[in-house]
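To start, the structure itself, in structure tokens.
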């Protein structure tokens, strides 16, 4: 563990009822890094993020953020510590306007003096939001909702931004935009933990990569290492041992 | 439609709308049909009885304390009974609310009496006033005015305060709201306090119709709230209000239309009408953003 | 499918017998040695058990709170009583009764069966649309159905004598009838739970979409179970009526009654017949104890409304159970013989590593 490790997940185990989803996952994110967590459907990527931010209570293992143990804390307190999750499927408040969504993103860290400046910054990153500021979130397109979701999380000035499948369901053009945006955020110094099914794009911008397979880390290293050592197609489309399914434990 | 019928229905509808609103506030966020809601009304009624009969507290202060008592009871039931069960199942919460309701009812029955008690009310409640040429007891007008004030106040709260935004968000997606840093307990407690406050206000006007209170007095308003809510649509505050007015209209209309011999069956008629309505439109009159899944 | 004896040395279908044997033995012993008061109490326990089991069949397997259940009990009570009470008694006791009802007469066992059938018939007519509603709307609608039952039963004095007492019902439910009915119901409830219908119902409760994905027709499954459960309620209502011989709808088939049944089921555990049995036993004993407490207190000069005390105790007990162990004392699984597994017997792998 290096000095500027921000997030350290050790031996994380999580279950949905009787079904074990994570069998001891260890992940590290250092300050300023963009770390990608890849894997096929059902590998446990979302589960990992949910366990980190408190939506799911881990069965075992530790989650240390900035030196503090957060494994059993509530989602709202973890947000206050500086971790913000952009959930899978965006989870925009559809009956609230764009402005209200953003305002809620700033709930925990609201400072009247800088709020307007924060909003302007968001409008700079996502001009479309300014256009649609007073429209209900439900009327936005998929890509616009994704941008709103990211902006909403950014309003809390998170130390660690976690994104759960941001390109899911988006058109190729939108996907390009989103990845470009994530890359920009990274360049500006935001620490990012990115969960993606779209391995190719994620590998382009990530500093380091973890590969998750049915609840276990199969690989950890740089994108270059991964491309030379791992048969990515096999992981996603099935290889000799890719027929494992989630363990069902009584 | 005579002027009297109009004022009557407006007043009844306002009361029913407040009843429904109190129920929906908790339902929207927790998705819980709170059977104990009727008991908040009952507690407020007994507060008025005790204060009015045994102390010299002036009536307006008594009413205020009654509302506070209801809000406080609501808040406490959440902390003591609902919060620990929240993480278990939906059905556990529902049964808990039923148990809390029975507990409160029977505690009052034990401590006070199963028999009805008279509640002293200010004389001006029953004084007749003339509004737009219609003679009606003042309390009808007061009901309408109070309802309007509360509805406007709550709308402003929900629309323009951060708390209101947070509560609307919580009713939409509870977990995601927590991810924004909004404390779950805060939102839920506020919902229960608002619900209890509405129950307290309802109690003032409900009790004043009979000028008495008994342990089961919360049951009828609870039922009205149930039905009005499903008529209007359980997924929006607007729906609750609309449902309340529609139900009030239905009640008064049936009271006039039914032959005297069938009047005893009025409640049954109303429920059957409502049930039939639900079968064709389970989401109620006002579609919310998230519609109840119909199973089949 | 699985062997009768599964791994772990547990007899697979031993559950019903865990209760049938004590019930039968209990009936013999109580009848031989106990006072008439206790005999009556035991009989009442058996009829109540039948009621709770009928409720468990639907509620425990579907997860839906059926508020209207005691309404069907009332239907069975009235239908069977109208048939079994002699016309002369009816004409006197229920002055406004429709003449054709006054004339109706049938032997008591037939009457009780018909009571169940009438309840089932009503269920057949009204339940289908009810089963299509879900969650909150369903809860409220079922509750409203209970109210409708109540209003009709307390107002339709051409049939029920209105809110007044319906009396003159011939006594029929002896301790043997009661125990026998309870035993039959245990078997019905158990084999229902283990049947294909019961399994499908439980699947739909646990995960609605998964169940639909494997072809479970949720509405149909709920519907059939509701009708069956209502039939049991009707028969139990008839047996109950022919035990207490006079009753009034204003105090018998309403919110308090469903609360008592619910308490029994929830405390024991709604997911199994073992839970239903344990819960019924505990609450029956509790109520008797409280009755003794009342006599003691009343004899010492202080009068106390034990009615309220019983409700308060049950409510507190229910809340405690829901907080501490919401699946009930028994939890969701049936008790089997042997009750405790022997050490050293290989158990299937349990828990995440």
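In order of appearance the chains are A, B and C, and numbering begins at 1 in each one.
In the analysis below, a contact is a pair of C-beta atoms (placed from the backbone, for glycine too) under 8 Å apart; a residue touches a chain by one contact, two chains touch by 3 or more.
All values reported here derive from a predicted model rather than from experimental measurement.
Engineer: If I average the Cα coordinates per chain and compare with the overall Cα mean, which chain comes out closest?
Structural biologist: That would be chain B.
Engineer: For the chain pair with the highest number of C-beta contact pairs, give its two chain identifiers.
Structural biologist: Chains joined by the most C-beta contact pairs: B-C.
Engineer: If you average the Cα atoms of chain A and of chain B to get two centres, how far apart are those centres in Å?
Structural biologist: Between these chains, centre-to-centre, one finds 42 Å.
Engineer: Report, in whole Å, the distance between the mean C-alpha point of chain B and the mean C-alpha point of chain C.
Structural biologist: 32
Engineer: Based only on mean CA positions, could you tell me how far chain A sits from chain C in angstrom?
Structural biologist: Computed from C-alpha means, the inter-chain centre distance equals 50 Å.
Engineer: Where on chain B is chain A touching in the complex?
Structural biologist: Spelled out, the residues of chain B in touch with chain A are 162, 165-166, 168-169, 172-173, 175-184, 289.
Engineer: Applying the document's contact rule, which stretches of chain C touch chain B when the two form their complex?
Structural biologist: Interface residues on the chain C side: 63, 65, 129, 131-137, 139-141, 143-145, 147-148, 151-152, 155, 208, 217-219, 222, 255-256, 259, 262-263, 266, 304-305, 307-309, 311-312, 314-316, 318-319, 322-323, 326.
Engineer: Using the touch rule from the top, collect the residues of chain B that touch chain C in their complex.
Structural biologist: 27, 31, 33, 81, 84-85, 88-92, 94-96, 98-100, 102-103, 105-107, 109-110, 114, 219, 223, 226-227, 229-230, 234, 264-265, 267-268, 271-272, 274-275, 278-279, 282, 292-296
Engineer: Any idea which chain A residues touch chain B in the complex?
Structural biologist: 53-55, 74-76, 79-80, 84-85, 87, 91, 93-96, 100, 103-105, 107-110, 138, 152, 156
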